[in-house]
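Dropping the structures in below, format is structure tokens.
Both of the next two complexes hold chain A, though its partner changes from chain B to chain C.
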Partner chain A sequence: SFLQGSKLEIPLWLAKGLHDSKRRIISMELPKIYREAWRTVFSADANVVDLHKMGPYYYSFGSQLLNFENPENPEIAQTILQTFISRFRRIMDSSQNAYNEDTSALVARLDELERALFRAGQKGLNDFQCWEKGQASQITASSLVQNYGKRKFTDMDG
Partner chain B sequence: AASCRSRSEAKSGRTDLIFLIRFRHCCLLRNQRCVVAYLYDRLLRIRALRWEYGSVLPSAIHFHMSAEEVEWFNRYKKSLATYMRSVGGEEGLDLTQDIKPPKSLYIEVRCLKDYGEFEIDDGTTVLLKKNSQHFLPRWKCEQLIRQGVLEHVLS
Partner chain C sequence: LFQGDLGPFNPGLPVEVPVWLAINLKQRQKCRLIPPEWMDVAKLEEIRDQERKEDTFTPMPSPYYMELTKLLLNYASDNIPKADEIRTLVKDTWDTRIAKLRLSADSFVKQQEAHAKLDNLTLMEINTIGTFLTQALDHMYKLRSNLQPSESARSQDF
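Coming up: the complex of A and B.
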């Protein structure tokens, strides 16, 4: 059983489930990256921050944190939004210009949301190049089949 | 004083109970959510198989599907077939064909594995042996290419 006043680390889904503004079962301590000190860093220059190391789910986790009553919520929300705005342009540009090259350096410091956006940009670029080369009409094998071909399965006839 | 103490004890006992019930309920909901997410992801892949691979699933995949998933696939197939018959006039419209815009009626294909005899529309048959190349009607080859038997060769 838990003593009143004990402090522990629990997963977000559990904290959300236990949270109740009327009953006050738990109170939450903000992770340091969303606190004032770090928020100042973000507002100075969001582009230099390694969001993969800090996150890697900086945006979605931060948005979830807003579910808990915290007087700093408006500032947290503002910082998350501004961080995204200032980093987005660079991500979009690099995803549209890196063709057929090693992009690991470009995505190393991105959080997962930004990586998904980067991948979307890359897919658009690759699809366009494919079309330019006249390969858009080429019928390809189902990717699901290609994966199964590589792995061994016990054969089951009939 | 005695009654006060027992009342606050009862109250704190109730709070403990609320906490435990809530905790357990959270965990149950979490487990349920994880399971449902997993099953849903599988369903999306199974659905994609109908479009990418065809209406008959490879035995290796079929082996790993639950009875409910097989049933779902069959019902989805039927639903899709009914819909395709209802559009495009008399013969219906096979929406699973020509997913990439076709450029010509005939295409060059290379055989990736031994398949055997393959009959084309005018009655003639072709022997699909590994590494052999053929010039065949696009609509006949499409499914075999998607299944990994043939490879579409661009000139």
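Coming up: the complex of A and C.
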């Protein structure tokens, strides 16, 4: 049991469960990355922020936070959106190898949503390069069957 | 299966056939291929220059310019004058178009447009960036709906 007014760290799912705008069991303190000081950093240059370290689920967690009544919600929602928009270009260019640079430093700073997007961009590029090399027309065994043991003809019924 | 008639095949006289048959006959050393009239240095230079000059996409002489270039240069480069130059010109044009496509994608995202129309793209170009772009736009759509203060918009599942 807890004293009224105590401050705890709890998982988001629990906070959501306890949250009730009418009964006010709990109130939530915003994680600092969503607060005004950090929001200012984001609007100055979102590209420099290490969202993996600060997240790694900056976008999805941030979106979930909006479920709690907080007067700053409109600003938080706007910052999250604008952050995505300003980081988009670099993710796109590096995943599609536009600059032929080493991308590992950039990827290290991406949150999980951005990393998934990066992988999608890479796949588009890889598929193209694979086609370019002529690998698209080579028949390869499906990965599903590669591990099947080869059965001898005599092992089959008969 | 589909079927049809081709020909007549008379020695020394050019005849139009589907690409697959042309390549097949060429591989069997039964014919010489005549490249399409756009597969020519002067014409491709014109296209490349226009592509570099304009912000919009140049209508390409074939919706399958990449595929045809690859096939013909791979299997019938001896029938194509200045094959190496042709290869370079097509690649340069492709690179310009892809860079333009990324630029368009970025301004689309920055302006938070609901619709975009890009004329004269080929499937090859669309497929290279398609998965990435549709995923990115999907995320952006969800983040944008966070801005609406309605109850249904706020609880986003990621």
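By our rule, the second predicted complex is superposed on the first by the 132 of 158 C-alpha atoms of A that agree within 3 Å, B and C clash if a C-alpha of one lies under 4 Å from a C-alpha of the other, contacts with A are read in each partner's own complex, and residues count from 1 in each chain.
The rule is simple: contacts are C-beta pairs under 8 Å (C-beta built on N, C-alpha and C of every residue); 3 or more make two chains touch, one makes a residue touch a chain.
Values in this document were obtained by computation on a predicted structure and should not be read as measured data.
Residue contacts after overlaying the shared chain place A:60 against chain C, while chain B stays out of touching range. Within the superposed three-chain model, A:134 lies in touch with chain B and with chain C [touch as defined at top].
Shared-chain residue A:123: touches chain C; no touch with chain B. In the superposed pair of complexes, A:146 makes contact with chain B only, with no contact to chain C. Residue contacts after overlaying the shared chain place A:12 against neither chain B nor chain C.
Touch criterion not met for A:46: it reaches neither chain B nor chain C.
Judged by the touch definition given at the top, the superposed model places A:107 against neither chain B nor chain C. When the shared chain is aligned, no partner comes close enough to touch A:28: not chain B, not chain C.
For the contact definition in use here, the residues of chain A common to its chain B contact set and its chain C contact set are 134.
Listing the residues of chain C that touch chain A in their complex gives 70, 74, 98-99, 102, 105-106, 109-110, 112, 124, 127-132, 135-136, 139-140, 142-144, 146-147, 149, 154-156, 158.
For chain A in complex with chain B, the touching residues are 1-2, 13-14, 17-18, 20, 23, 25, 134-146, 148-149, 153-158. By the touch criterion stated above, chain B contacts chain A in their complex at residues 15-16, 18-19, 22-23, 25-27, 29-30, 45, 48-49, 52-53, 58-64, 99-103, 107, 138, 141-142, 145-148, 151-152, 154. If you check the complex, the residues on chain A that touch chain C are 57, 59-60, 63-64, 66-67, 73-74, 77-78, 80-81, 84-85, 88-89, 92-93, 95-96, 98, 113, 116-117, 120-121, 123-125, 127-128, 132, 134.
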